[in-house]
Amino acid sequence: MLGLVNGAFYAILSLGLAVIFGLLDIVNFAHGALYMMGAFVAWIALDSFGINYWLALIVAPLVVGAIGVLIERTMLRRLYGLDPLYGLLLTFGLALIFEGLFRERFGVSGQSYPVPDALSGATNLGFMILPNYRAWVVLASLVVCLGTWFLIERTRLGAYLRAGTENARLVQAFGVNVPRMVMLTYGAGCALAAFAGVLAAPIVQVTPLMGSNLIIVVFAVVVIGGMGSILGSVITGLGLGVVEGFTRVFYPEASNVVVFVIMAIVLMIRPAGLFGKEA
Amino acid sequence: QQAPANQPVRIGFITDMSSLYADIDGPAGGEMVKWAVQDFGGKVLNRPIEVLTADHQNKADVASSKAREWIDNNGLSMLVSGTNSGTALAMAKVASEKKRPFFVIGAGSARLTNEDCTPYTVHYAYDTVALAKVAGTALVKAGNKRWFFLTADYAFGHSLEGDAANVVKANGGTVVGTVRHPLNASDFSSFLLQAQGSKADILALANAGGDFTNAMRAAREFGINKSMKVAGLLVFINEVHSLGLNNTEGLQLADSWYWDQDEASRKFAQRFFTQYKRMPSSLQAADYSAVTTYLKAVQAAGTTDADKVMAQIKKAPVNDFYTKGSVRADGRMIHDMSLFQVKGQKESTKPWDYYKLVTKVPGAQAFTSLAESKCALVKK
Amino acid sequence: MANDYILETQGLTKEFKGFVAVNEVDLQVRRGDIHALIGPNGAGKTTYFNLLTKFLQPTRGRILFKGEDITHEKPAQTARRGIVRSFQISAVFPHMTVLENVRAALQRGLGTSFHFWRAESSLHPLHERARELLVQVGLEDFADELTVNLPYGRKRALELATTMALEPELMLLDEPTQGMGHEDVGRVTQLIKKVSAGRTILMVEHNMNVVSSIADRITVLQRGAVIADGPYEEVSRNPQVIEAYMGSADTELQGAH
Amino acid sequence: MGKTHKVFGLAYLAVAVLALAAPFIGLYPIFLMKLLCFALFACAFNLLLGFTGLLSFGHAAFFGGAAYVTGWFIRSQGWTPEAGVLAGMVAAALLGALVGGIAIRRQGIYFAMVTLALAQMVFFVCLQAPFTGGEDGLQGVPRGALFGLLSLQSDLTLYYLVLAVVVGCFLGIMRIVNSPFGQVLKMIRENEPRAISLGYEVDRYKLLAFVLSAALSGLAGALKTLVMGFATLSDVHWSMSGEVILMSLLGGVGTFFGPVLGAGMVIALQNMLADKVGAWVTVIIGAIFVLCVLAFRKGIVGEWLAWRDRRVARTAKTGAANSETPGPGEHRVGVS
Amino acid sequence: MAANELLRIDNLHAWYGESHVLHGVNLVVNEGEVVSLLGRNGAGRTTTMRAIVGLTGRRTGSIRLRGQEAIGLPPHRIARLGVGYCPEERGIFASLSAQENLMLPPAVGSEGMSVAEIYEMFPNLKERANSPGTRLSGGEQQMLAVARILRTGARLLLLDEISEGLAPVIVQKLAETIRTLRAKGYTIVLVEQNFRFAAPLADRFYVMEHGRIVREFARDELLANTAIVHEYLGV
């Protein structure tokens, strides 16, 4: 149950990664940094402009999404058609830059973001105490994940996006404004990361390092789920969160590596990941 | 190393300026070294003093090559090490090989004055053994007998936990449970539920940095700080500040210095505050103090010759705003340590008014005794 | 008896999620023949090839090569046995020279491919043979050209040369003349005829001119199943074949290619 | 091409002379050794990325893993340096076989992420294992005496030893790339399905390449332990994997000399930035990454080679020089 | 004539990276015409088509569609001027089902064929509608690629080697389709290796060689030009 909360973060983050990867063929190494920025934007919004949590939940993804759009326009765009590894390296560099800038500006110990009043307190479920805020996190992330999944797998926009991944030029030659679509998709993926960041802000300390600590696990989640599989990343994210939660209770020493162990096992049995399509 | 009379005396300061530990020491620590030099008059033995600073980025190889380069190429006289034990141990090796006084401030590993002690190392501010001992002794004495440890699952956490547990047991307390969490575990809820079930008096956090802050937040979220006292075994004021009092109220912690502990400290702190808009950490105060101590020793010895200066340092007691103490043969500086409790929001009357003193533990009790030391220098 | 047939499949079947792409195909390819496999689009010809070369696992049935059951071997294994295919969509190493492309196939024969300590010059003795092969497909003037820069038709020719380099006993050609200009089609047809000496060729081809001029035997697939099998004259008169594949007017068919 | 060949010969000669003389022209032996170790690491990495087309994001595991193993054998078991270094190299090769065995099943980006995740596992093991000293690192590894005879205490002796080993490996890598095996790697990089259909079991070739690269990376890490006297967590941290990528990328992926140059630049930069900019290091390193990817995709050596190719093409008026060939390496010079 | 000129290309140059492939192509296609580009492998026919829709690297010169200059436009804007392109390599998307592939290109005109009509023309596609696009057989993919642009209502169709890899029956059907389209007033540019397929369909022919148009003639001049066709195509 407790693992679900972490699972919820894994799910949204890996979803964002999967959207960006599945549709643009970019492994967005900056995802952790964007998540961190989402949390920071929320904090700055509260601290400097008095914007409350609920508003921040909208504002931060927008701001970070806009930054994503900017990144896409100015940099990623030049890499299309090249080996996708370049995208990975570029975003890796960006992640370093963002993290460095925030460290420089805000220090490493970070800031704390208060739990919004409406969700403070906890419910006693009898066998355990569940802070209300955590319940909300799980709920909110489920809704977002399902919404995204529907959008991509079940709509025409999704078809454009998937086709665009394979041969963007051709889709464009059919009359779809691919550059704009790609830009917005990347922005949306980044916004998802920021959304997770805002959700996380009241639970964890908002620090410049919060993203890089999480991102590698999220990568593993995406690999296990089958890269680019939207549904796969959501289910795997939640599932792994729970597995990890259990490991923490029963064999905490292993909880750090359990995800990677699972990954290794999954890859041996199903090289394409649990939900991935065989190449 | 007969430096010509007009050659500047060069002091080097290497710490983490950009990463994990940049707040508690970092660039501001370097500035403290410069202040110490300035306040000393910028000159010693009629030679100007120069300060070199570098960022080791938490890489031992960068730290040790920088130290080596400074000593060989820049004629460095003395080296101050900031945070991160791995880098400090690597530099200690270089400093002793090249015979340069080496002051460790930010790094906490007790190995610096035990297995890996050198004739030139001075471990100045604190070590993890002392922190554990201070918190353990004082809290058990105050009646908190049942301890539950939340420990970072690697060597550092284990030794913090082990040292504290020993003290707790020695003072008649019991350890009712331990749970080990991985490094950078962002979610502490499952661990804390276990702690909650233990009905302990003290939840001891044997971890540091981001793990500490996140554990602390979760402890509050699950209401643990209401049912038991939380003790942080390695906590700096910057972390308390960033967590805020509502998250940390009642937290027990050991430290070597607090800005509001006396008039002299407040004066120093105020000066720091004007520049940095925050209060100095104990490490930053110690950086200042250590350099002053060194310069005084050079003055008294009339030379920068390492052996003579080291002899002088080990002879003369330290007495300044930071602390009163003396450097032992194994390089350990012995001075009083304090146990603090974090104030509640209401008690806090001014900015950065965070701690109240619970008790002071004399240096002789706080640190490992010479008899227990594993340092080869003091073994007969 | 069995030795007359270099390749034989018995009840070979491939199903994709309930869709039967290859259905109980019993086919025998005689040693030394040029055997054409034709059929309407989607009949299962490429799938059949994929089964033979182990790019796909059959759902049922057996594949016998020279009387040995090779149904469960790995792709590389079958290649080493001497069954080599060319792809329907051109496959070359684009940033290697034409000569190196051919050499890549010859190299395996040396058995030194894991020898990371040996010099590249140990491969130079292969150049002579590689050039011979290039002469055969008319690419001798392009030997040192980077393969990316070749036009499509020449890439196909190169691919053929590479395939031949493996000295396959059985060559599987999937639409070898696709995308070629008329000149090339003629040349490649002659080429196939030429290289068929001493080996067996099984090919998929839609160009009836090619099929009628060189194939010794023709098998027609429709919806995964064999509907006709025999020499060209016989098969081309089969009404079922005409309806399913060749189209109404035989003359126009001839004209179509 | 004979002329360029000669130019390269001269360049290599110049570098060799420089390397031999370096300690006497005021350069720091320890710094140079560190540089050599990283150069070897980058070259080993490039063997995989540049010449096999596999981007591993987990090479720190081999570098750091071997560093720890070597350190432990020498310090705690009292092994001689050459035995310790060999042990580190073997350990890295075995680890490489394991990681490679799992990761090879996936390609491209997936491969990168799988190696990253597995390396992260190695990191946690090093963090928690008792013999590594956790965050204190494995300190105080003695240099000892080579074969128990030649003392390595002197920086200069060690320098020439390390130089010899690294140069040997460099030549070894060149040979690997141009060997029959290297040719197969090239085929795999160019068109994997085609290589399979020619009868090559590509996974076994990739695995061998991976193991070779891991072993050489391990050798680099082992030497580093010997030189510096310690192994720490930063050697196995994923940012180390990032650094080695940066080195290759900066110098030129798929060229022989690029990674050496890249390693030199990154190490020098780190050293320089250490006292100049404080908190901005990460930002600067990140910016270099971005710049490399956007503007110097072929790296310094790669761009230079491309420029030279273009010039040759222009003067020869052949016109068909293909500028999109990824990193045309010197290795093509010798081919025909 | 100028009144119903649908496509006019003047002095078109195009490059792939550094290599200069088209060296000043000039051609005109009138509304309702079927025009075929002939040439050997590598003559630049595919490149001409790709240049029209904006898929080559750099290009210069002038491409006018119904009088509007398109040389500076991005591909999606060109498509919306009513151009449908069926690429030589087919460009079927693996991650989309056959049906999704078919429905993918957005409508750029109002008179596209309906899905029912398309399935009638290519029954295979209906049967395989839910298969992933690249799991179709080679020929089925070719059908899908053609069908896909017939749906969009584009009035100018650029068809590159569409008879390639198709069974003779289907080729005949395609020929009929093109006739029907022509009757409906579509304008078609046909690139065909298969001269015998193109010959009876096209109104006019352009012959390309080394990135230039070297010859132009109408269908009724075909006989008179056999020698030339032989020379340039080796037929």
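The first chain written gets the first letter, and so on, giving A, B, C, D and E; residue counts start at 1 in each chain.
By our rule, contacts are C-beta pairs under 8 Å (C-beta built on N, C-alpha and C of every residue); 3 or more make two chains touch, one makes a residue touch a chain.
Values in this document were obtained by computation on a predicted structure and should not be read as measured data.
Considering every other chain in turn, the ones in contact with both chain A and chain C prove to be D, E. When each chain is reduced to the average of its Cα atoms, C sits farthest from chain A. Using the mean of the Cα atoms as each chain's centre, the chain most removed from chain D is E. For this pair, chain A with chain E, the centres built from the Cα atoms lie 43 Å apart. Chain C and chain E have CA centres that are 29 Å apart. Centre-to-centre separation of chain A and chain D, using mean CA positions: 32 Å.
Counting only residues that touch two or more partner chains, chain D has 124, 128, 279-282, 320, 322, 326.
Contact of a single residue of chain C with at least two other chains is seen at positions 149.
For chain B, the set of residues that touch two or more other chains comprises 18-19, 22, 153, 182-183. Across the complex, chain C is touched by residues 19, 40-42, 88-89, 124, 128, 131, 135-140, 142-143, 161, 163-172, 193-197, 233-235 of chain E. Against chain E, the residues of chain A that register as touching in their complex are 156, 159-160, 162-163, 165-167, 169-179, 277.
Looking at the complex, you find that chain D touches chain A at residues 55, 57, 102-103, 105-110, 112-114, 116-118, 120-121, 124-125, 128, 238, 242, 245, 249, 279-290, 292-294, 297, 326. Taken together, the chain A residues at the contact with chain B in this complex read 2-3, 5-6, 9, 100, 103-104, 107-112, 114-115, 122, 128-129, 131, 133-134, 200, 203-205, 207, 209-210, 213-214, 245, 248-249, 252-253, 255-256.
The part of chain B that touches chain D in the complex is made up of residues 17-19, 22, 26-27, 52-62, 64-66, 68-69, 72-73, 84-87, 89-90, 93, 109, 111, 116, 153-156, 158, 182-183.
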